[in-house]
Amino acid sequence: MTPPDDFAIQPIVDALCQEAEPVLSGHYRMVLPSRERVIAIVEDVRSLFFPGYFGTQDLRNDTLRFHVGATLDRVRVTLDEEIRRAVAFAEKHDFDACPHCAIAASEATRKFVARLPAVRRLVAGDVEAAFEGDPALRTRDEAIFAYPGIFAVTNQRVAHELHVLGVPLIPRIITEHAHTITGIDIHPGAAIGEKFFIDHGTGVVVGETAILGRNVTLYQGVTLGAKSFPLDANGN
Amino acid sequence: MTPPDDFAIQPIVDALCQEAEPVLSGHYRMVLPSRERVIAIVEDVRSLFFPGYFGTQDLRNDTLRFHVGATLDRVRVTLDEEIRRAVAFAEKHDFDACPHCAIAASEATRKFVARLPAVRRLVAGDVEAAFEGDPALRTRDEAIFAYPGIFAVTNQRVAHELHVLGVPLIPRIITEHAHTITGIDIHPGAAIGEKFFIDHGTGVVVGETAILGRNVTLYQGVTLGAKSFPLDANGN
Amino acid sequence: MTPPDDFAIQPIVDALCQEAEPVLSGHYRMVLPSRERVIAIVEDVRSLFFPGYFGTQDLRNDTLRFHVGATLDRVRVTLDEEIRRAVAFAEKHDFDACPHCAIAASEATRKFVARLPAVRRLVAGDVEAAFEGDPALRTRDEAIFAYPGIFAVTNQRVAHELHVLGVPLIPRIITEHAHTITGIDIHPGAAIGEKFFIDHGTGVVVGETAILGRNVTLYQGVTLGAKSFPLDANGN
Amino acid sequence: MTPPDDFAIQPIVDALCQEAEPVLSGHYRMVLPSRERVIAIVEDVRSLFFPGYFGTQDLRNDTLRFHVGATLDRVRVTLDEEIRRAVAFAEKHDFDACPHCAIAASEATRKFVARLPAVRRLVAGDVEAAFEGDPALRTRDEAIFAYPGIFAVTNQRVAHELHVLGVPLIPRIITEHAHTITGIDIHPGAAIGEKFFIDHGTGVVVGETAILGRNVTLYQGVTLGAKSFPLDANGN
Amino acid sequence: MTPPDDFAIQPIVDALCQEAEPVLSGHYRMVLPSRERVIAIVEDVRSLFFPGYFGTQDLRNDTLRFHVGATLDRVRVTLDEEIRRAVAFAEKHDFDACPHCAIAASEATRKFVARLPAVRRLVAGDVEAAFEGDPALRTRDEAIFAYPGIFAVTNQRVAHELHVLGVPLIPRIITEHAHTITGIDIHPGAAIGEKFFIDHGTGVVVGETAILGRNVTLYQGVTLGAKSFPLDANGN
Amino acid sequence: MTPPDDFAIQPIVDALCQEAEPVLSGHYRMVLPSRERVIAIVEDVRSLFFPGYFGTQDLRNDTLRFHVGATLDRVRVTLDEEIRRAVAFAEKHDFDACPHCAIAASEATRKFVARLPAVRRLVAGDVEAAFEGDPALRTRDEAIFAYPGIFAVTNQRVAHELHVLGVPLIPRIITEHAHTITGIDIHPGAAIGEKFFIDHGTGVVVGETAILGRNVTLYQGVTLGAKSFPLDANGN
């Protein structure tokens, strides 16, 4: 007796494999960076920028240094691995064996880590800008903890550092994560000045070639430096 | 032999700690409400409003009361804890010891729970409005189960109750969660009348001071009662 | 001694149950499809379309077929179950016992699976369109791995197949998942031609009745074939 | 160039499939009960016996009934499903379609649930026996919360009820779970009188045919009613 | 029509509640320590004793201190909370409000943390004893990483410190966890000298009043200082 | 004001670091195999031996090969990685760069995979022996699915293959996992003939040098080929 859901999946498997093989042909093995691990790294960086607001919540002056040090060391180790994956994938080198990819990853990680205090100052300025610009905001805490604009700009500033260092794929993963969470889509390549504030934010698009000076504020739905046809709304 | 990724993270740790210490100086210990637990509470409330659609799916008239009672009791206990955290954080009181925070949390929880049947009626009206307003909608079930507008308005109505009770931070977490899921950004303070319907929704912004009457319908991309410069789209 | 958080939840339980009972009255037991499992099925389909980019990353020509076959078989089994749940719910039949629902689910699953190679070709065309249309895109890999437009269109094309087969609820879950992740809201019923490209995407709305030809490109914030009142931005 | 780990897995796949096929031949589809879900059911039962010690910890006299009711209803629904799987597997019937299996499962579940108050009294007696028999035990709480003997006996008493009802496989899963956690191996078929106490417990074996009266105490390493050759320790 | 699994659970709920109420009567709210969190603390302690073998695996001399400091600080904070729960439960005090319990927990935590270097030296001696005593052991690494005897003795030495400080319940949870994992059951109260080695271990029982000198080795199945009737194997 | 739990953890951190540094001195970075991943590999092997009983439960003759192939390929890839970690750790080589470790891992993986059909036949014989030897066993299914003896012997036979290939650490992890789950402790080095059956099993110890012929049955508490002093029960 033939069961009701019995049908041959073999020809469909064959058809799908045939489609896939040309895509795979250039690769022996695809080792991509992990979206989950990249996002975890960014969360670690956020907790380095605002310890206590994210990650460990019970901090004292005498133990702060342990937590910052352990988190930064974890960022160093895990980011190195993810960059190595991204470089090997982009260059189509062998992830396990390529010494060039390992060196490039170490180098980029080292430079990225060295930039963190400067990036932290930029993000602190963005919080300040939110506080000055949004009358509904009672404390800086709320901006740090719950504002989508701060979330998205922090991700972009982190991604931008990696973009400038030539790291492939990972900057995009970082800004796309912010895009998913906030609806704010800023290209990792955009050059953004100090004290940048985005209010509400959904639908904001900032393109790769955008250059923004100090004290810029953007509102929801605004596009900068990317193609946009807002009058074309009926699709013609 | 120096390993390739060996570099000193000590000065960067020091620099990050120095930045962080002024932020932390006012706090002995930061106990923030937990985003995950607040979201879980809202999901419990959603299952109180629409039992069977969310949470336990096997309900009968004779067991419904057990599930509603157990869920409501869990809401009561966990919301009390999260409000206590939010109040202690906002007031910079000691979470573990402050009796004022504990009493304020109990009081707000009690009042919130007492409002739930009324909020449920409002949300049922919003489902009705979706059913009347959207010809593509075949059953109310689909609106309850899958409409972003219903999701966002439910979150806002819940957040609004807590906002009115003066609960800090948590209302924002609730509306920001809806913002992430739906792209609809309604301030917890907005006063929204009965039978509110949002179609599609991405990019909708409703500000803190907005007051909406009965039977309002909003479409994607509309801003109400918040700063918005739609003509400024080229960033000037 | 009355503890500070002691208050009677009984009347609120009663009020909430009373509200819920009319909703539940038509059902003996609500067995809804699971959002999580539906999303997992779509992720499996994505890995069938682009093996190596999603799911198992270590593929060789001689083992590809095992992974594609095992994944497709899992899609077959789990989709059948979810469709059976959706049909039984929509028809208000008994999920456990109704043979009609089981047969309808088998039938729809079989037809859906048979369509996968064709859908794969459409999605490959969309990747091609992105590569041709976006000068910032260096490799097709990045579009496959990280472009919200590709993510959303893949979900819609999968949902559209199920929509055409008359499967209730599940197509909506699939497009709403893309809406949450990307801010792009395309109705499962929209008929979309080959080589469709969405740039940035947040705020894009494509309605149920939209019909798009070949080589269409949409930019963020554009509405097609759905009600939209962009000039109504002040809410009048 | 052949990569270092490139070797043909095809013949091994073939060999393993050939071995497997005879085992599978009698089954169209194997739907086994889930170990994880069965264990979760037993944990729910434990929280019915000792509410507050397991599961929800914040109970008051006025809300206890909600939690007990909701938990018992979940036991009812999930146990029914697992018994149906076990019966269909043991009888080699079609899990999805067999009405006999569904009825047998409902019947066994109903009878099991009706026995719970009696089983609870037996387990309360076992706690009493531990308190009377172990001078190191300061409170009954510690026996309930942390004694391996109480854990194992509770599992066996629950499993025994299902064994008596003729439920296949599930009783074994329940006693084997206790065996793993405690090293105490009591067959579901053993008939155990009131106030049974096992001290330490590792290595205790009680066989299927064992019949124990009231007030029995066992110590670690003791075998009752099962084959055992303690003098045979050199393996002859 | 009555569905096949429709039966009244109300009387069973009532019966179970009636049984439960006397147990609960003395408590307003039961706040027990969490088994999962206690086990996590012990794992943290294990990683303090053998950094690199457990927890973070990428350690250098210049970053070791960060990881040890951050882990120890987490142990301090989480153990304090769990001890506070255990004391409040044992004393039947109000967990949220009792200052006595908070002070007792702080005090015990402080003393426990101060003892860790000494306990570490004892456990290092146990590893040494395993290496000297077991010819099958090639490196100390394997004893640290995979020997049940080392696992169980580490847990007991940690539990013993808390036992000596008068902490209720938690020492038992710690030794019972080792009992589950290894089959070795050593009471937290047992006084164990330096360089203790347990080979294989299943069935070892060491009672509360046992006092062991230096260099003791135990083999599987041995009972010390606890009731044991190995000749009673037929249950008389 | 000094908070109640404020005490200096710095000296304790220093003391623990000082203890740890000699242990770490020989390593630049410790990359150990992952217990969780090794256990997952063994579970995959179990599902290769008994497809349908473990892992995917919905198998047909025409799809069996896909699942076996995909699982075997995952075993191949993940086992290779874990062996590489184990070899690098044991040899104190650099996990990331050492080509010797990579080659050794590939070699061992290849040989292990090639042995799987033969190991499968041995384990099938053990199931047969259980069925013949245990009158309480109604079907082979129950032995496969729920017998601790079968679980432990399967783990040992898998571990033994890796032991014979000279793989360090991993064989021990595999047999210790069985020891935890079943209380049966068989050294990976023990040579075990066909049709081996262990009844109940808790406390069984089989040492490294044990050689067992065909058709051996062991009962709980029996020690073979390992030191054991059962008469020494009072510790003298």
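So that you can tell them apart, the chains are marked A, B, C, D, E and F in the order they are listed, and the count of residues begins at 1 in each.
Keep this in mind: a residue touches a chain if its C-beta (ideal position, glycine included) is under 8 Å from a C-beta of that chain, and two chains touch if they have at least 3 such contacts.
The shown structure was predicted, so the numbers you read here are calculated from the model rather than taken from an experiment.
Chemist: Pick out whichever of the two, D-F or C-F, is joined by more C-beta pairs in contact.
Modeler: Between the two chain pairs, D-F has more contacting C-beta pairs.
Chemist: Check C-F, A-F or E-F against B-C and flag the pair whose interface repeats it, over half of the contact pairs matching by residue number.
Modeler: The chain pair with the recurring interface is E-F.
Chemist: How many angstrom between the C-alpha centroids of chain E and chain B?
Modeler: Here the centre of chain E sits 39 Å away from the centre of chain B.
Chemist: Quick check: how many Å separate the C-alpha centres of chain D and chain E?
Modeler: About 25 Å, centre to centre.
Chemist: Using mean CA coordinates as chain centres, what's the gap between chain A and chain D in Å?
Modeler: 47
Chemist: Residues of chain C that contact two or more other chains, please.
Modeler: In chain C, the residues touching two or more other chains are 9-10, 13, 28-29, 58, 60, 63, 65-66, 68-69, 72-73, 102, 180, 183, 202-203, 221, 223, 228, 230.
Chemist: Under the definition above, what is the set of chain B residues touching chain C in their complex?
Modeler: It is residues 48-53, 57-61, 64-65, 68-69, 72-73, 76, 80, 102-103, 106, 109-110, 113-114, 116-117, 120-121, 124, 136, 139, 141-142, 145-146, 148, 180-183, 199-203, 218-225, 228, 230 of chain B that touch chain C.
Chemist: Quick check on the complex: what are the chain D residues that touch chain C?
Modeler: 6, 8-10, 13, 60, 62-63, 66, 96-97, 99, 102
Chemist: In the complex, go through chain E and note every residue touching chain D.
Modeler: Where chain E meets chain D, its residues are 4-5, 7, 9-10, 12-17, 19-21, 23-24, 27-32, 89-90, 169, 172-173, 176, 179-180, 183, 185, 187, 202-205, 208, 221, 223, 226-230, 232-235.
Chemist: Would you tell me which residues of chain C are touching chain F in their complex?
Modeler: Within the complex, chain C contacts chain F at residues 56, 58, 63, 65-74, 77.
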